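In the two assemblies presented below, subunit A is common to both, partnered first by subunit B and then by subunit C.
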Partner chain A sequence: MDFVFKHKRISGILTILPQKAVKFEDEMANYNFSPAKCMKLKIAMGYNEHRIAAEGQTSADFCEHGLRYLVDNNLLNPNEVDALLFVSQSPDYFLPPTSNLLHGKFGMRQDCLCMDINQGCAGFELGLIQACMLLDQPAIKKVVLLNADVLSPKVSPQDRNSKPLVGDAAAITVIDQCQEDNPIYANIKMDGTGALVLNIPAGGFRMPSTAETAVMEEDAAGNFRSKDNLVMQGDEVFNFVQREVPPMIEHLYEQSGVDRNEVDWYMFHQPNKFMLNKLADKLGVPRDKMPANIVENFGNASGVTVPTCISYNLGDQLCNNTMQLCMAGFGVGLTWSSIMMKVGQLMFNRIIEY
Partner chain B sequence: MDIKEFINNFAEQFDDLDAATLTPETEYMALDDWNSLVALSVIAMIDEEYDVTLKGNDIREAKTIEGLYNTVCQKM
Partner chain C sequence: MKEKIIKILTELRPEFDFTQEGVDFIEEGMLDSFDLVTLVSELDNTFGISIDGVDILPENFSSVDAIAALLVKNGAK
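Moving on, here comes the complex of A and B:
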């Protein structure tokens, strides 16, 4: 599905990362593989350290801390928020929506629309598309998009497939109506036949958590996880990304009229360095235009990797300049989405810790 | 597409493996340097060079380089 939006812009991005950094080496003993094999994987995948939330910290906590920072620094006025979107796979409760909880903590107006969206890897793109659709309404002038996930508690410590890469984080993106055209081109696709390729089997209503769902089982590759844990079919996901993402980006070039060489930065979802490098190669794009450094420094926090990638790699540059960005997210759902837009003159584009 | 060329392409997916040490009978999953990442690299290479999409299962079932070569040929 293709979208085009005008007269909207991103005015600021704040990424909130956990203070706690855990090194790959410190978790190696948990895996059912020799230290030598683990080190080889570390070098090949670019694992290094990842940021993990402290016990008891939830996605909502990171969002609250970030919102508090923006308010205290006069970067956001809660009264001006017309819509609050919380995009996450780790809400505080089944009900009420986490966006409502945050709305209450900051005394936002009754007219402020609150919405929780369950999405992961393509969460930033989907959230941005939803924000723009809302901003098409004359009365909605400012949308605050929250992307947050604290999934580390759901990943088995003995799962060498997933544990080294998971990260916890949150990001706040403020999107406003503006006078300038500033066209935003976006597309999004879904394939529910691949829905269970990325899954946490137990804990929802389909299969409630019980003593049985907590039992650790070994898979064909020697990893251990329970039904309460995240399970990811690595090769299926890899094939999916290689197959679907390049045609989507090619379509985006056509749709937007922007040539691949005019793009300043490819800010893509960061599953791991290996997949991103292969993707850059397949797209015929120089690897250094597609940063792949988020997993090795912070881990993969699903929908938050794209704003993290932007804050970390560009920082102030995006406050003082305007750049042509191509963003993309792909994964859980299966969902894949991309956005072509100019981003710049941001009020803030930074990382804080919590 | 000949098996020698396939073996060369296969060997390239490893960090430091001499193609000369591989034969069609080599059981690749038993190689010291084999890991899930090499498996993904092989899948990517087969996609790029031969335009064939393999799954992890195909890799696990083929067992030998010749077995894998035959699987790819069948799908071409």
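Moving on, here comes the complex of A and C:
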């Protein structure tokens, strides 16, 4: 499904990272692999360290900290927020929505729309599309998009498929109406037949968590995890990404009329370095135009990797310049989405810690 | 080309004999999915190519001949 939006702009991006950084080497002993093989894996996948939330910290806490930072620094007025979107797979509660909790903490207006969206790796793109759809309404002039995930407590420490790459983080993106045309081209696709390729089997209503679901079991590859843990069929995910993402980006070039040489940066979701490098090669994009340094330095925090990639690699450059960005997210759902838009003259584009 | 492939495989998993005929490296557990990631990186570097991501399927790594065919398909000489 294709979308085009006009008269909307991103006016700021703030990424919030946990202070705690864990080195790959510190967790290697948990994996059912020789140290030599672990080190080869580290190099090929680009694992180095990942940021992990402190015990008890939730996605909402990171969002609250970031929102407080913006308010305290006069970068956001809560009274001007017309819609608050929280895109996450780690809400505080089944109910109420986390966006409503944050709405209450900041005393936002009663006519501010709150919405939680359950989405993972394509959560930034889906959130931006939703924000732009809301901004098509005259009553909505400013949307605050919260992407946040604290999934590390759900990952088995003995699962080398997932543990080395998962990180926790949040990002706040402010999207406004604007006078300029500023066309935004987006597309999104879904394939629910692959919905359980990335899954936490227990803990919802289908399979409540019990003592039985907490029992650790060994899989065919020697990983240990329980039904309460995240399970990722890595081969399936890899094949899906390599099959679907390149044609999606080729379609985005056609849809937007933007030539590949006009794109300044490719800001893609970051499952691992190997996967991203393969995508860059397939698309004929120089690897240095598609930064693959987020998993390496911070870990993969689902829908937060794209804004983290923008904040980390471009920072203040985007406050003083305007650049053509091609963004893409792919994974949980299965969902894959891409956006072509100019981003620049931001009020803020930075990383803080919590 | 085949000699180079066997050398890379042997460095990756020295406990196995990759010169045997008629052995499926995947079915026999001589290569797992993480080996494939390392193997592809090594093959890319050695042959100066980038193996297409859609070709990174277990069946393309089941034997030395299969790997050689994969390399030729992806531009190796």
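FYI, the second predicted complex is superposed on the first by the 354 of 354 C-alpha atoms of A that agree within 3 Å, B and C clash if a C-alpha of one lies under 4 Å from a C-alpha of the other, contacts with A are read in each partner's own complex, and residues count from 1 in each chain.
In this section, contacts are C-beta pairs under 8 Å (C-beta built on N, C-alpha and C of every residue); 3 or more make two chains touch, one makes a residue touch a chain.
Predicted model, so just to flag it, every value in this text is computed and none were measured.
In the superposed model, A:279 lies in contact with subunit C only, and not with subunit B.
With both structures placed on the common chain, the touch criterion links A:301 to neither subunit B nor subunit C. In the superposition on chain A, A:40 makes contact with both subunit B and subunit C. Touch criterion met: A:243 reaches subunit B and subunit C at once.
Contacts of A:235 after superposition: both subunit B and subunit C are touched.
In the superposition on chain A, A:290 contacts neither subunit B nor subunit C.
Shared interface residues of subunit A (contacting subunit B in one complex, subunit C in the other): 37, 40-41, 44-45, 221, 234-235, 238-239, 242-243, 274, 278, 282.
Subunit B makes touch with subunit A in their complex at residues 15, 33, 35-37, 39-40, 43-44, 47-48, 53, 55-56, 59-60. Against subunit A, the residues of subunit C that register as touching in their complex are 12, 32-34, 37-38, 40-41, 50-54, 56-58.
Looking at the complex, you find that subunit A touches subunit B at residues 37, 40-41, 44-45, 161, 220-221, 233-236, 238-239, 242-243, 274, 278, 282. On the side of subunit A, the complex with subunit C involves touching residues 33, 37, 40-41, 43-45, 160, 221, 234-235, 238-239, 241-243, 274-275, 277-279, 281-282.
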